[in-house]
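Order of writing sets the labels: A, B and C. Residues in every chain begin at 1.
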Amino acid sequence: MNEHETLGERLEQQGISRRAFLKFCTAMASMMALPPSAATAIAEALIKAKRPSVIWLSFQECTGCTESLTRSHSPTLESLIFDMISLDYHHTLQAASGHGAEKSREDAMQNFFGKYLLVVDGSIPLNDGGVYSTIAGRTNLDLLEEAAKGAAAIIAVGTCAAFGGIPNAKPNPTGAVAVSDIIKDKPIINISGCPPIPAVITGVLAHYLTFGELPELDELGRPKSFYGETIHDRCYRRPFYDQGKFAKSFDDEGARNGWCLFELGCKGPTTHNACATTKWNGGTSFPIESGHGCLGCSEPHFWDAGSFYTPLSAPTANLETIAAGAAVVGAGIAVALSAADRAKKRRTQQAHEKLTVKEL
Amino acid sequence: MATSLNRGVQSMIEQIDAPMATFFSACVHCGLCADACLFYTETQDPKYTPIHKLAPMRRVWQQEFTFWGKLMSKLGLSKPVTDAELAEWEPLVYDSCTLCGRCSLVCPVGNDIAYMVRKMREGMVASGHAPDGLKGATRRAIELGSPMGITIKTLQAHFKHAEQETGLVVPLDREGADYLLVLSSAEIANFSEIIPAVTRIFHQADVSWTMASDGFEATNSGIQIGSSDLAAELVNRIVKAAERLKVKYVISPECGHAYTALRWEGPNLIGRPYPFEVVHIIELLDQLRGEGRLRTTGMDDTRMTFHDPCQMVRRGGVINQPRNLLNMFAPNFVEMPDAGVQNWCCGGGGGVSANPRADELRLKVFSKKKSQLEAIDVTTVVTSCSNCRTMLEEGLEHNHMDLNVIGLTELIAQHLASPEKQ
Amino acid sequence: MNQQELLDFVRGTGLQIAAAVFVLGMVYRMLHLMLLGRKKNLAAPRGTEWGPGLRTMWHRSIPSVGLTSRGYFIVISGYIFHLGFLITLLFLSQHIDLFRSVFGFGWPALSPGLITITAILTIAAMIALLVHRYTDPVKRLISDYQDYLTWTLTFLPLLTGIMLKQGIALGYQQMLIVHIITLELLMIATPFTKLVHMFTTFSARWYNGAISGFKGIKV
């Protein structure tokens, strides 16, 4: 693969029309909340941009993130991601295997030191020397630390890489952590979601190629343009929430009428993602549209935030047992302290000397 | 052992029981009790807010009976009650509270504030902070047998007079009588007409009664000053006399605090139930009326009203009886505003009348009673507490109001049908 | 700790701590008060204690003694505040979700619009009562720091609740966190402040009714 090739040359080779490319750029501009005029600028920048080398490391993951990117059922703009970059290593997608595969990674790391993008999906296990996930006999931690050294930036794709995800869920037997827990000296951009929205990955890459820097991030390292609002903010069922119309079960009248799923545990109000606007499967729908509440998969610890079916206003922990215990302890303290108080009263009563008229 | 701050605080600790602690912990400082207290309504001075009168004792409760309070005082973060503070509170606890209990009726969280002030006085008197007037009255009660210094000799002179007037015998120390009558010194000193009145009524109703030479004084200054020790001594005199004469009933006279002392506090003060019953004279008269043993004659057209003595009515539960009795002969009887359980105090109960320091304030707050009476335009005020009666007379005179004040028993005697002439 | 972790904490462990302190504190306070005991009344009763005590527990909710205009203000604002607070607490659908998850049963909710109006009225009544506490000479004299502290602790959940519901300031998640924290502070403070009156009011009324009932007086 030629590392000096520009994206324009690449598109030409692939026979992609300028019209289709502009359409992609317009979509990107809109997703990144840029004015429509920015589309042309993006297009011009992208055409000239050198396709960066990308090393994609997959750790403790389910390949769902890669699936999300590659398994769009119709040709989509998202597929353009593979035209924008030079994917030099991705052990699921690459044809090479064994030493050949590892060599391409080592070559890229060497040739593009300080310039390549490192994409990570999956979390990194730390327990027991990291033995729970190894590639070519090396631990994920080892591979990550090595690859991070020469990376211009790291893109943590999916909730596992971004926040630890499901491997990190209690009791976390492998000691799984997020990329940002290990790498402290490189810019990291988190594209969370289980899986993340493919267009968001593309958007971030487009932004990087266009402006040569990472987009503005929120406190969790996620691009604000995609994670700035909650599902609830943009949900088409929001009017029902405001009117107090809630589905009480998945097959009641409220559910059939498309009422708000808050009481069925929808995490939309606290979940930052673009599902409600970008949607899935080529803009077909998103979970709430299919009648199920949001699971909150783009937020840290979403697996441990209580049941998916517990309303946000309800406690995520058991209160009954602890309250019963507290009642017993409270009663015990009351009995003990009141015994002391009664004894004090008794003492004062015993010490009481009758008031006589002489003393008045 | 002399009175001291420590002795006062210890007394307060002794007094704190479940209701008291519950009341303190329930108070939300809403300030509604102020509007129920005539000392506040007539002066608009916030220091007369009933619950404010408990402030030092509230701190004793906090410091001695609550977890945080104990902790804070251990750490030296809550200031202990001082002598100066109790001295400052003395006029609030004694001069401006008649224990009338109107605040206990209005408190939305249900605090019986009068119950609380009664308990606080135990601490006040033990700490030496009781008004001189009340101290003197109590001293006289214990040492001379009566707060007004009335002796059995004085009483016997009244008996002789009554016997001459009625032609009937006033029984003294008659063992085996059903009823033992006790009187308050205010009645004996100021309204001795009560003696011939009850003599005639009891004769008509054929009541077997007596008085006791060693237990005739019903007034209990010990209750007013707030010393259970002294109150018990005073109650005990009556109990002993009643037991000596083997009576079935003791009649509490037209005196509010005497009724509370004898009827409700007495057995608790002496630590045992009585072997006799205590009835209020108005209660007994109404019972006799019901049995047809008390008969009046004629009607009294006078426009009259009834002033409810707090301890008999709101705190004593003798509420309808005086009305039943008045209905026998008073067609123009009218109720004043807030009559009955909610009536306003005369201003002199709870030892206030025995405390000359409080006179000025007491006469000032009489304006409440004045406006109540002005609202109904009556010529006669009937009551059944000799202390209320004195306070009404003084208050009316002070306000230049020309109204008659009379005791109910006396008024009934005036209208008594005359079976003795049979 | 990021926001999501904070939310998980306040919905989980935080609520457990608050519930434990609340229950422990309340059981302790109520039992401790009761166990202090009272002397057996040796006087001959004219009436009973239990019936009149129970009667006063609810009857005292209705003012029976004539009120001044000052009294009317306190009672009416107090009523709006207490009822409004209870309605908001008990009849907002999100709150019912909470009760359902703890007690296993729920009840019908009021419409969000109605709850918002109630909450605004409640807030107005609370502000009026605060101003009155500061300006009325009686209330000012008998108030201490705790009266202002408990006012604040009671006011905050209402205010943050309305802000959460109406989307005023902060995002839903942040406001939800703040709202739950204010609730937890209220729960933790209740047993150790005058807020304990939410229970002791009823025991105090019982004693008052019982003391009078013993003497045969209805209060």
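Quick notes
Convention: a contact is a pair of C-beta atoms (placed from the backbone, for glycine too) under 8 Å apart; a residue touches a chain by one contact, two chains touch by 3 or more.
Everything numeric in this text was worked out from a predicted model, so none of it was measured.
Chain pair with the larger contact count among A-B and A-C is A-C, by C-beta pairs in contact.
With centres taken as mean C-alpha coordinates, the chain found closest to the middle of all protein C-alpha atoms is C. For the pair subunit B and subunit C, the distance between mean C-alpha positions equals 38 Å. If you average the Cα atoms of subunit A and of subunit B, the two centres end up 78 Å apart. The distance from the centre of subunit A to the centre of subunit C, with each centre set as the mean of the Cα atoms, comes to 40 Å. In subunit A, the residues that touch at least two other chains are 337, 341, 345. Residues of subunit C in contact with two or more other chains: 28-29, 35-37. Touching of two or more other chains is recorded for residues 16, 65, 67 of subunit B.
For subunit C in complex with subunit A, the touching residues are 2-5, 7-8, 11-13, 15-16, 19-32, 35-37, 93-95, 97-98, 100-102, 109-113, 171-173, 176. Partner subunit A is touched in their complex by these residues of subunit B: 1-3, 7, 10-11, 13-14, 16, 64-65, 67, 125-126, 130, 135, 138-139, 142-143, 225, 227, 229-230. Against subunit B, in their complex, subunit A makes its touches with residues 337, 341, 344-345, 348-349, 351-357, 359-360. Those residues of subunit B that touch subunit C in the shared complex are 16-19, 21-23, 25-32, 34-36, 40-41, 44, 46-47, 49, 51-52, 55, 65, 67-68, 102, 104-112, 115, 263-268, 271-274, 277-278, 314-317, 319, 337-338, 341-342. The touching residues of subunit C, when paired with subunit B in their complex, are 28-29, 33-39, 41-44, 46-47, 56-57, 60-61, 63-68, 70-71, 74-75, 78, 133, 136-144, 147, 192, 194, 196-197, 200-209, 211-212, 215-219.
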